[in-house]
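A, B, C and D label the chains in the order they appear, each numbered from 1.
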Amino acid sequence: MKHVKHMQLQARMTVGKLVEEMNAAGVLGAGRIGKATNVVTEMFSNSDCTVFLTLAGALVPAGLRRVICDLIEQEHVHVLVTTGANMVHDMVEALGYQHGIGTFAAEDKRLKAENIGRIGDIYIQQEAFEALEKWLFKTLDTIPEEKRQRFATAELLYEIGKKIEDRNSILATAARKNVPIICPAFVDSIAGFQLWVYGQDKTMHLDPLLDVNALMDKVYEAKKVGIIILGGGFPKHFALFANTFREGVDLAVQITMDRPEPGGLSGASLEEAISWGKIKPDGKSANVICDVTIAFPIIIAAVLDRLRRR
Amino acid sequence: MKHVKHMQLQARMTVGKLVEEMNAAGVLGAGRIGKATNVVTEMFSNSDCTVFLTLAGALVPAGLRRVICDLIEQEHVHVLVTTGANMVHDMVEALGYQHGIGTFAAEDKRLKAENIGRIGDIYIQQEAFEALEKWLFKTLDTIPEEKRQRFATAELLYEIGKKIEDRNSILATAARKNVPIICPAFVDSIAGFQLWVYGQDKTMHLDPLLDVNALMDKVYEAKKVGIIILGGGFPKHFALFANTFREGVDLAVQITMDRPEPGGLSGASLEEAISWGKIKPDGKSANVICDVTIAFPIIIAAVLDRLRRR
Amino acid sequence: MKHVKHMQLQARMTVGKLVEEMNAAGVLGAGRIGKATNVVTEMFSNSDCTVFLTLAGALVPAGLRRVICDLIEQEHVHVLVTTGANMVHDMVEALGYQHGIGTFAAEDKRLKAENIGRIGDIYIQQEAFEALEKWLFKTLDTIPEEKRQRFATAELLYEIGKKIEDRNSILATAARKNVPIICPAFVDSIAGFQLWVYGQDKTMHLDPLLDVNALMDKVYEAKKVGIIILGGGFPKHFALFANTFREGVDLAVQITMDRPEPGGLSGASLEEAISWGKIKPDGKSANVICDVTIAFPIIIAAVLDRLRRR
Amino acid sequence: MKHVKHMQLQARMTVGKLVEEMNAAGVLGAGRIGKATNVVTEMFSNSDCTVFLTLAGALVPAGLRRVICDLIEQEHVHVLVTTGANMVHDMVEALGYQHGIGTFAAEDKRLKAENIGRIGDIYIQQEAFEALEKWLFKTLDTIPEEKRQRFATAELLYEIGKKIEDRNSILATAARKNVPIICPAFVDSIAGFQLWVYGQDKTMHLDPLLDVNALMDKVYEAKKVGIIILGGGFPKHFALFANTFREGVDLAVQITMDRPEPGGLSGASLEEAISWGKIKPDGKSANVICDVTIAFPIIIAAVLDRLRRR
């Protein structure tokens, strides 16, 4: 039996060093951070490993846009599976709007009167979504009608990404790096409803079965698969289930605050995924029970540290 | 200031009476159950109120299939917005397969070897999904190719519902009662992947923008809107956002174990929804923080009691 | 493998019948409610079983005072292990003060200005505690100084209980029924600090080691032990650890919203207690993950129903 | 309105720099870490500020012993309010026993058979507690009987601390640094029950009212008060309530995974404490919702970094 090694802290220690301390402690939340860092390091340092990153929750509004973008830029992430909302927030920031620091104790009636939408303690002006609609309609007009006859969301997001000039945009970076953005429930986002409005007058048909194609191409061509699951939601299920067609993923990390006991998939442990063939029986996995905005930056900063030292 | 009235319990008390006690206590979880019962009673007893029920999490596997089915049968629920998984589980049960009582402490490698998939402490044989695929392919073949050229998921689920004979099936009951089943992310379900397989050889195109039509028809025709949100997920967002096109819902109840602080929508309070115009500023709402399989049956049994007494 | 039986609800169903439906469903939260009801029924119907009830969290303020009182009155509970706060709230209500229904969204600075203390969405006037101090000092004066030289908290609470005339008081009922109230951390309560103030001028010494005597007497004389743990805290540990001196308890139920993963005892599963000898390896237990104000009344109402039917 | 600044990560970044990024993001969990770091920095850098640290949960077993010890050694912490268990674990480690890295998925019956106690995923041999009893009895024998007639736990723990030679012991360091260890519920710990056994034959009386003295001395002499609350429990209440005698604390940080909604004090927000006069209306506070083993090391490492740079 390995012993818990007590952590030691000091001024100027690197995140990499802190995570080494956590890993040596080896238990509870700290131990999970340590293990997750080991698993992600293995994903990122194996050039045979296709890495899926799934996004659910307000990650872009919360300040993780650049982190996600850099992971794509640095070619650590090869497939993005995401809620529509995160892509909407990415577009809105590309248009120059910014998310604001608010409070959970907000008076929501007043926010409504001021045309501010609240996401936890994050504020965003409704004006941003009006600007998005204009920009989106203009952008859609530039896409040949033929494509709009039966569009994969992945293709649509690729086309959108090509039109964005912001270097810190996830959509733009993914388009440039040929990282597919899989978002079969894109219609469940503000932009999705805007597509619907656009489609009242003009040609606009989506077919999410085409997105399964895009996803399965990546699954079938992968030698090894690693997956980082942020927050759960349908992106978790979609990415994991696709991997049942290849005997499951090899390496998996999830970060979520949801509990397993109520039975929803977001809170389900990665062990459960083994029963379904989503994760290989001998795969390595780590369940981190933590706010994503805390755990993800720590783990990624520590992984970058380790990769540099190799 | 109203005072907390201490609950009193006795043998043979009805659920309705217990919830009255909780409502009179008026605080913490019990108070929320009381308030939610008031709000749902108002929804169900107002014939001008269109009631949306959204489903996320393993509700059908967990034993709530009949409860949901009865609410549709009794015309208390008029629109269903759901994850694909719950509809897959409904179909699988219609085919004669049953979910089993297992344990969270399962050895998942062994379950995999025995071809059993685990959902928390619920087990299901993989064989059920193989049977589903056969049945689904046969059923799809009977649907005119023209429809399959560009299918709303709502239409597809209606067609499937018409083919199911099980009186306890949600799909069958919804089809019979003309309750639309809105599931724009159906592709993220086992059946969704089976559609994709079917589409390799045969015609099969989905268009979730058509589902927005189906949903918006209900939103626009509603005089009042009530919504019951079980578990969160994209069904919560999809149903609530659609109602921003009519100034928000009038009455809302959500039951979830997710926390608000990490910022994901599933755990977000219904107050937050006011800022977005999803709920009317003067709407009534109740946030129940509880396992759905506990809170939902209590609330519904209490509501049925009250409706009977009127 | 037993199958999940779908719940059926109807108007006028009893809580007992609802819990039967939950028990037959057998999974997730509903299954846990079912199992807990079985275990508590077994405790209450076995006359050889000494039943410990442990209290942590704002149970009296939340409207459970009468429920707890009735369980003592009906001789279902034989030992109470509690935080000091719940006894303070019981005294304050005996003095005629009531807890008020407030809101979590309170402006706490304003409450302070109005001399109202907040417990979640429960309000209580500070005036109540001033009245308590007067009453307590007067009551202490009537207790012979000799006793106050070295007082077990259990004895002190017994003396206090004898002085309370309110039939709905937990302290009064426990004193009348000779149910010891074990509260070794009573000093950590408003009344505890008042004892300290009293002790500045007069004789007042507590000795919690005497409370261990009182607790151990009950442990040693028990043929079988059942325990119901509400909320966790030190009462959970104190009552369970005492039972390691008799090979552990036979029957155990806990209700808490705390999670196991951060490692605190309140959220720890009852399985963990087996490793420590706190619960017998072949003991029966149920972990209910739910707000106590929801789950406890359901379980108790269902148990009373079953006992009546025997 | 301040904007969310997107975090940027790089190899070799210090924890201090990471927390600056989180602070600039300013929302959700990351924002809370940033704010907590600001508040703790203010506590540690103001020489007029008396700092209380409260401990609940398995902090010593989880690898935080050294971190706590160093904070005392470096004179950043001036009063410790703790559960008995953490002091028991400190003693056991001083005797040379170590906590082991186990698993939540343990078979607890087997652990019991092997005389291993489990705390989440941490293991400890029961043998350690037998050794503790021997050592404790021997140590108690060396303490004059007069003291044992009426012992403050704080004094007892000071005497114990003086007998421990391990430089990494919290008890030893606190004794050396004259930091009182306040633990009025010490009797609710394994060592507490051992004191009770000792008291069967020899003189051993505790009086927790004396601990109120020790605590109140610190409260009354403080010019400013800062408090860091780890995990909640009675240490949170005891330390906060004592500060109502001086108009509340000035600076407060809590780290816990407990939720506010069920109404227990551990999960209660620090805003609620304002209504009670526990925190000054114009005090600064931060609620960090996170596993302590993750958040506490990050915050402390970042604070040390900032103190060094001044």
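Assume a residue touches a chain if its C-beta (ideal position, glycine included) is under 8 Å from a C-beta of that chain, and two chains touch if they have at least 3 such contacts.
Source: prediction; values computed, not measured.
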Rotation angle superposing subunit A onto its copy subunit D by C-alpha atoms, nearest 5 degrees: 180
Most distant chain from subunit B by Cα centroid: D
Centroid distance [mean C-alpha coordinates] between subunit C and subunit B, Å: 36
Chain centre separation (subunit A, subunit B; CA means) in Å: 26
Residues of subunit A whose C-beta touches two or more other chains: 27-29, 58, 61-62, 105, 120-122, 257, 259, 261-263, 271, 289, 291-293
Subunit D-touching residues of subunit B, taken from the complex the two chains share: 27-29, 105, 259, 261-263, 289
In the complex, subunit C residues that touch subunit B: 1-16, 18, 21-22, 24-31, 33, 58, 61-67, 70, 98-102, 105, 120-123, 168, 257, 271, 289-295, 297-298, 300-301, 304-305, 307-308
Touch list for subunit D against partner subunit C, complex: 56-58, 61-62, 83, 85, 104, 106, 108-109, 111-112, 116-122, 150, 184-185, 187-188, 190, 192-193, 195-196, 199, 204-209, 211-213, 216, 231, 233-234, 237-238, 241-242, 257-268, 271-277, 281, 291-293
